[in-house]
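You will see chain A twice below: alongside chain B first, and alongside chain C after that.
After this line comes the complex of A and B, so read on.
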């Protein structure tokens, strides 16, 4: 990755420039610096949006560049969130429990502390035992490793099975959708070991930093999300630009031909599928501490479909398109559903956007697919192309 | 006394009513003292005479007597039924039933039977009711006995069987007498006979009776008592855990409770003096080992009782025998009951397997119904229609709206079925013309566009019908269930869905294989260009095919709405399952869809049977199975071969 990489891909530089300017602007105007023009909750919304942009880029690489319409990438996002959430919840509960137990006349034993934490965390699902998957929950480092390893391994096993049997096209889409549905259904059970449909909560409180205000925490996570997005963007831009990028795009356009040219198509697909899953996991690990709560509903199949829709609206096959699509649609969604949009009074009927937004959104998918297959990002082509 | 009563009853039943000239009042006058001040012994005389009289008015009299409503008028010694309403006391003549107000309340003496007497009256009442000319009263009496079985009911019940005119009730009585006999018959042989007689019966109450005979309790003793009817000797470690065994010893005061960590902590807390426990500083007591040491030191000093250790526990357990003892002391009876129960349980297990099969069949038909439309649009045309679930929903809401206008449920369903087809056919054609037609070469984008339509339709339904579930009521003749025996039953609505699924299978096979339209559909899906050159209009065919698939989804919606609730999200519940059904079965083949639906339905029920408490887990494992299945048969169960299989 030398200067020539950026020279050949000026859009990467432009993107990084815009992202840094945006980050600096938001940081300066946030409550953390005392200006307070941007509220803490809005900083969180922006930070979450950046994470969604990151997972959207991953989706764009796997779909827009490699042609695999995965309807399961939000599952990896959720797994990343669960992995970091386990540490956040465990460590914070441990702090609370140790403090309350230290008021006892006799200092607590390790077993007593562990029992009390178990009671606190799993009381809602009628249990106090620590399931085996919480074995590493006391170590931030190991849980961070899980953020990368679990989505990566799951994607690798799933992808290996699927690509090996040459499951392609819509079949693969349905299969990935089945995977995320199975995962969501599994997590909905109370004995899944991850608190069933209660999910993990209180994730916005960072253990060890209780005294730091949420304004500061939110801006730190915002900056971290921005950095991750920037790094992810550069990483994927690098992957899709070189020789490997050409092969991957070739697979998208004509898989059989690439295979006949002697490339091991399955390996390329598996690599792309796994790498994007890992990035999705990282994005999730940054997203859920800002959201504060994660539950199995988050990884229902519909979330992954939305992900695909963001990429489609933003414009497939261009990384900034995915960013624009995710930011545009998710911010617009929260504006409309949050009651930000004014109702329209037709005289005989009042259109309340909280009710009608989804109808509008749905119809706009249809319009985009039919009339703007290149998405919003396609508009840039008109700017860049010199009038002849 | 009961034997006496039943003897009297038999006499009354065999000897036709001798009474006629006799009135109830006459009998009561004969036994004035006993009626007025009944004792547990003296009352039987009155009851015997009443039973022997066979008077119909004896029944209300007994009820009134039990309810303490019988009074004697001092002036002439006659008995009446008295009902007090405020200040007015209404007297009723016991024979004629004429009512009149009492002129002199002070002249009336109440008969106040005590608890024992009232019970005796109640038993006599049962006999009356068991032989009452009114069948509903007899039925009620039998039901009352079945609810609370009691030894005293056996004789009167057996006595009433012979003269029972209604064959169905006679059978019920015989069965009930068998159960009572198994529980309460006097001799061992009679009980064993009764128990053996029950062994063919699968019903829950018979199993309850047998289990009652076999009721047992866990016991522990140093030696098994010789007179105990032992069901099983428990081996510690295999049949019960060491902890359970010791807990049982503690519960029976055969061993001191184990000193738990909590006990140790509390004992130590109680013995803190100046920051020290014994000679150990409190701050160092943060491990179990340190606490044990401190406790043992205190115990050695005599401050605390010595700790009960693991070794003590093992010794105590070894010194005792744990066993399960039947409450029934006669081993021959428990053996007979155990044999009968085993025979019944084998039959029950077989029936349950059959019932599970029926359940799975009906689940498979629901999946089939939901997926059959998709088998056409996705399977035959290759169009991914994510809004297929919403067509199901539209069909169900059509049924709901029709029921708002047509109150007759049968008629409304008959109207709703074709109407749902027409509406969803129209919606399908509209969608094909405006959207899907432009995307035939971009299947993945069809997925997105139709997903957009899907969420728009879902939200639209929410805006129109609200978020709460709407009922779709099935006609009365679909209520209830077809009952084969006490275990195997299937509701008529499920049978109807099964029949509907079968009907659709035939219909679609007929349309695809035997009609001009079907021929053209198959031609267009295999090679649109060639089909067009043969004079087929592919546009028209695609439109009709898509309409047909959507219309079938609408009809499926009505059927599914009858079975489940109608909500705006009902389509979304079926869509992933439906796609999997089609993919597992094999795309492009209706038989494949049938195979896929059967596989998924039976598999899901099978997994649920293994772990009945958790349907979520069943679904999870089923999806995992499907994912694995597709790895090994990517083209589904029924894979197309040759040119038709080309992508």
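After this line comes the complex of A and C, so read on.
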């Protein structure tokens, strides 16, 4: 990746510029590092939004560029969250347990410590045993590895099976939904080893940094999310440019023709599917420490459908479109459902936005699909004439 | 001379309908061949079989010096073996530029990693420009392929075929939608290409076939009806019958 890459893709530079300015602005206005105009909870909302933008550009690459309408990428996002959440929860519980046991006269044995941690974490699901999947939970490094490995491997196996059998179009979408549903249902079970519908909680507390305020933690995660989004953007912009981009877009527009040119289409799809799943996992690993909690509901099939809706509203096939769509719709969504929007009293009926937001979102989606297939990002075409 | 492609005893049935019926046909390493025949004769289906799109019920398709069977290979493997195809309905990547279309077709490594790390080189650029020159699209390299005229799209697809540097070119109705001058130019391109490889052209337009000035194979109901020079086959009474539609009378 060289200077000429940026010269040929000025929109990447523009994006990085806007993202940097935004990050600096929020940092200067935050409670921890600035004048305190932006509350800590809003910093977390913005940080989470950046993570959603990251998973949205992954979705745009797999759908908007490669034509694979995956309705399962939010599952990879959730897996990333669970992977980091396991370490956060384990390490923090360990600290608490060790501290409380150290007050005993007789020093605790390692087995006692382990039992106590197990009790703390799995008591809610009536168990104290450590399930095998927690085998690496004491190692931050290994759990970080899981953040990329588990979504990557799952995507690779799933993709290999699906693409090899040439499952395409709506059938593939249904298959990805089935995968997501199966995963969510599995996680909902108490004996899944991941605390059933309780999920993992207390993730905002970073083990070993109890004395650091949440205001500071929030701004660190915000900046980390911004860096990840910037890096992800450049990475994907690189992938979808040049010859790889040509082939990938070719597969989207006419996959049979690409085959007759001698390209093994399935390998390309598998590559794109897996790489985007890994990035989705990383985005999730940054998101859930800011959210503080993850439960199986997050992985519900509808979440992956929302992801597709954001990308469609923002504009498919352009990375900044996905960013705009994810940021715009998710912020608007928390405004409407969080009671930010005033209810409208029609006299005979009161429109409560907490209920009606979904209807509004659905209608906007239909309207965009029918009348503005290029989405919000399409507006930029009027501003900039693209040199070919 | 050993054959480049040997198709023998191939039969294809679609829901009980025999589109290809015990077809045998061979091609030499360097030759220009025209295939003619009425609508539904099985010309396109023949190309589908050779390129791996359709698997025959019976028969063999043997390729190249190593005499490998194409029937066990996927479409992309067959293409990498050196068989290129132009479709009846022009299919170029309309959302991309002429240059990008040609670059994608250019004979370079096809694996995802090689493609990801692909660097533009002077020699590849020169090859693209040479092909563009040949198909008369030198001034249109930066245009979006979707904006081209029908005839230009046909040429672009022929150009993609040339860029692939195949040993066998299967060209399905290249002259459709072309002006007479464009047709003339197309025959020149095909004749030139056939000097170093096998080129098989399916065409309805007899003037076009005459200008190709090559061996002609007449297909009818999925089998070879006649073979030889154009004058030879067109004076064949059964061929005349077929073309005048009296075969079923």
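Here, the second predicted complex is superposed on the first by the 382 of 388 C-alpha atoms of A that agree within 3 Å, B and C clash if a C-alpha of one lies under 4 Å from a C-alpha of the other, contacts with A are read in each partner's own complex, and residues count from 1 in each chain.
Criterion: contacts are C-beta pairs under 8 Å (C-beta built on N, C-alpha and C of every residue); 3 or more make two chains touch, one makes a residue touch a chain.
Just so we're clear, the structure is a prediction, and the values are computed from it rather than from any experiment.
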Superposition on chain A - do chain B and chain C clash or fit: fit
Which superposed partner A:250 touches (first chain B, second chain C, both, neither): second
Partner chain(s) touched by A:167 [first = chain B, second = chain C, both, neither]: first
A:260 touches, of chain B and chain C: first, second, both or neither? second
Chain B versus chain C as contact partner of A:268, first or second or both or neither: second
Chain A-centred angle between chain C and chain B, computed on Cα centres after superposition, in steps of 10 °: 100
Partner chain in contact with A:239 - chain B first, chain C second, else both or neither: second
Shortest CA-CA distance between chain B and chain C [superposed frame, angstrom]: 5
Touching both chain C and chain B, counted on chain A across the two superposed complexes: none
Interface residues, chain A side, partner chain C - complex: 239, 242-244, 246-247, 249-250, 253-254, 256-265, 267-268, 271, 388
Residue ranges of chain A in contact with chain B within the complex: 69, 105-112, 158, 161-162, 164-167, 169-171, 173-175, 177-179, 181-182, 185-186, 188-189, 191, 301-302, 305, 308-309, 312, 355-366, 369-370, 373
In the complex with chain A, residue positions of chain C that touch it: 51, 53, 74-76, 79-80, 84-85, 87, 91, 93-97, 100, 103-105, 110-112, 115-116, 118, 142-144, 160, 164
Parts of chain B lying in touch with chain A, wherever the complex brings them together: 261, 265, 268-269, 272, 282-283, 285-288, 291, 384, 386, 435, 438-439, 442-445, 447-449, 451-460, 462-463, 572, 576, 579-580, 583, 614, 616-617, 619-620, 623-624, 626-628, 630-632, 634, 647
